């Protein structure tokens, strides 16, 4: 019973983090029709950047941050600042990548996917050069410290907080998609890119924006994720397949799909691990495979990838 | 045409004298180049000739190696282990094909990725069978007809033979009617169906052929390292061999070989001088996809032809200008 | 006499859009049938249904009396069906000769052979050369497709279709994009096709097409509006309605 409760709450926490990771991936996949294979690297880079802003890393950026006095800031402020700065930095990186590289390959989706693959190699090595190979843990800011007893088990608050953060981001994204012109354009582009272009939407500009948004979300997720997972080389290749599974299950371009999918995957991972650790990955990828074969548009998606 | 022949002859010569002029370390690197060249040639059947990009081929590579390693470690002889591995390769390739050929393009890519990840997950987590991260050690190398392959030059010789077989088979395949059918399905699948071809069957057969050679490469790898581990089947590993094919030039026979040489040499030899070889590879890959998508081999040939034509033009230009007085 | 091609109450819809609405059609063997109609009338869709690229929602298709409605597209080629496309779909990386060879190979058991050298198959290449000669491209056999003109490529399309020795040939806008001279050449070419081959053609260029046709079928909104000889169709009031909206 305790075991089940522990797994359930951990799954919920993980699901929150996965949503933060997968939402950006889903938007890009839905709009640009490509699985952004650099997404895991964006996540990892975001985590590293957050760590540097907080001065916790072995790199020069960390030195600079410490020198600038980040240690003197109230730790809560510092943490959220780090998260937002990482998001912003990744948004800039993402926007630049789309504008300078992907846009030149407009219409050649396969080539774009390959470029994102090559970029993941580049970013991974740059991170290794800058932050070295040791895992860097990040401790939660004071408001998220402490623990909450649920039933007979005691849970760290920061884990539960990831869900709230995920919900907050989900609501924010939903508001943007549903209530703003930008959101309407994105939804139009996801539904029917040809019609969208014909009706005057500057699709290429939209692509840059959404790719930047996706990267920014990944970067933000990376900092939040740094609380739960230590940031280390290989984190990108650990997280990318998870984002892929979530989005395939939930449906590309669908936020509700990414939301539901994240929790489904988190539960599958945690309970699967507990039940049969040797088939853990199997049980994650098998549903993805089945969906790709039988219902390619996923649970909530509009069209097949 | 003769330039190409010259290049191949020079390389063949180098390959032939290598065991006498280089140290064991470099001979082993050469063996690795050939092993990955076979792997890349196998993948190229799909990427270059069928127009299907797979990001899961490391799974086939790995299954072959694990099958042989597991059987040898369990006490079976090398011959039955190798034969069983070959059967496993065909079965796994068929599985990949049945599942992934339901799509093309990005859908195909993701299905092969998923299958590759499943196989990696099994290698990594099914510790009872695969040993997990600890891998499986292979105590000896095969001894075909009683000849030992334990020394670097002898193993190299064996690898060269297999490589030549692979190249011969590829070359025959590409020039055959079936090869032409396959290339047709790459360029105009709709029309091919209207012309009477069974596009799915053609692709299925091509997948088996592709998987076969990638699996053979996996077997050779297993014998070379005498150790198999989950690292062989990662997404990174599939990405690397794809990089070899695309960087070298898909749709040619020389391309994957050049690509394999580039990557392996960079990993082993250049890593003494260039510490961050992943970075360099990534940059080369992005540059090629963006500016020289046909790959290094055709791209360099094109550049060379352009440079030669330019040189000819400039040589003639002064005389032409002079005569226009 | 068994019609070469028969369509019975053929229907196809995409979502709510009816592209083919209960079409009945019968083409006699050796006939030259022209299908005309404004853009969006469903003509190419009809071709796609006949070749099997599209599955009909209802109705049946018979080729020389044999029902092929359920038959996969590739098998219909083996029954003597060939087609050319509105948008040129040739093999861009090959020479003209090899393009035609690929068309011939599709019907030959050789296509499965991974051991022989394709270049050494003399009979295949000779037949391909003959097909190219038939369309007046005999000298350009070894030219890569990329170095040919649009008009030449249209003729390669026809060569590929003729090389298959079809019994029923579907031509989708064979004159599209051709210059006046090129049109005359293609017209002569089509007129020279023996009556063993039944021709069904979609065309917009009225002058050229009308000269070739025995019977004309006028389509609009997926339906057959008028059918008959040239005189009958031209005189019919509905024809004017379709084209002039009056």
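Per-chain numbering from 1; labels A, B and C assigned in written order.
As a convention for this text, a contact is a pair of C-beta atoms (placed from the backbone, for glycine too) under 8 Å apart; a residue touches a chain by one contact, two chains touch by 3 or more.
Note that the structure is predicted; figures quoted are calculated from it, not measured.
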Most widely separated chain from subunit C, with each centre as the mean of CA atoms: A
Chain whose Cα mean lies nearest the overall Cα mean: B
By number of C-beta contact pairs, the top two chains: A-B
Centre-to-centre distance between subunit B and subunit A (centres being mean Cα positions), rounded to whole Å: 33
Whole-Å separation of chain centres (CA-atom averages), subunit A against subunit C: 51
Gap in Å, rounded to a whole number, between the CA centres of subunit C and subunit B: 42
Subunit B residues touching subunit A - in the complex, by the definition given at the top: 53, 55, 99, 102-103, 105-107, 109-111, 113-115, 117-118, 120-122, 124-128, 234-236, 239, 242-243, 246, 276, 278-279, 281-283, 285-286, 289-290, 293
Residues of subunit B that touch subunit C when the two form their complex: 172-173, 175-181, 183-184, 187-188, 190-199, 209
Residues of subunit A that touch subunit B when the two form their complex: 33-35, 101, 104-105, 109-111, 113-115, 117-122, 124-126, 128-129, 237, 240-241, 244, 248, 277-282, 284-286, 288-289, 292-293, 296, 304-305
Subunit C residues touching subunit B - in the complex, by the definition given at the top: 51, 53, 73-75, 77-78, 82-83, 85, 89-93, 98, 101-103, 105-108, 110-119, 121, 160, 164
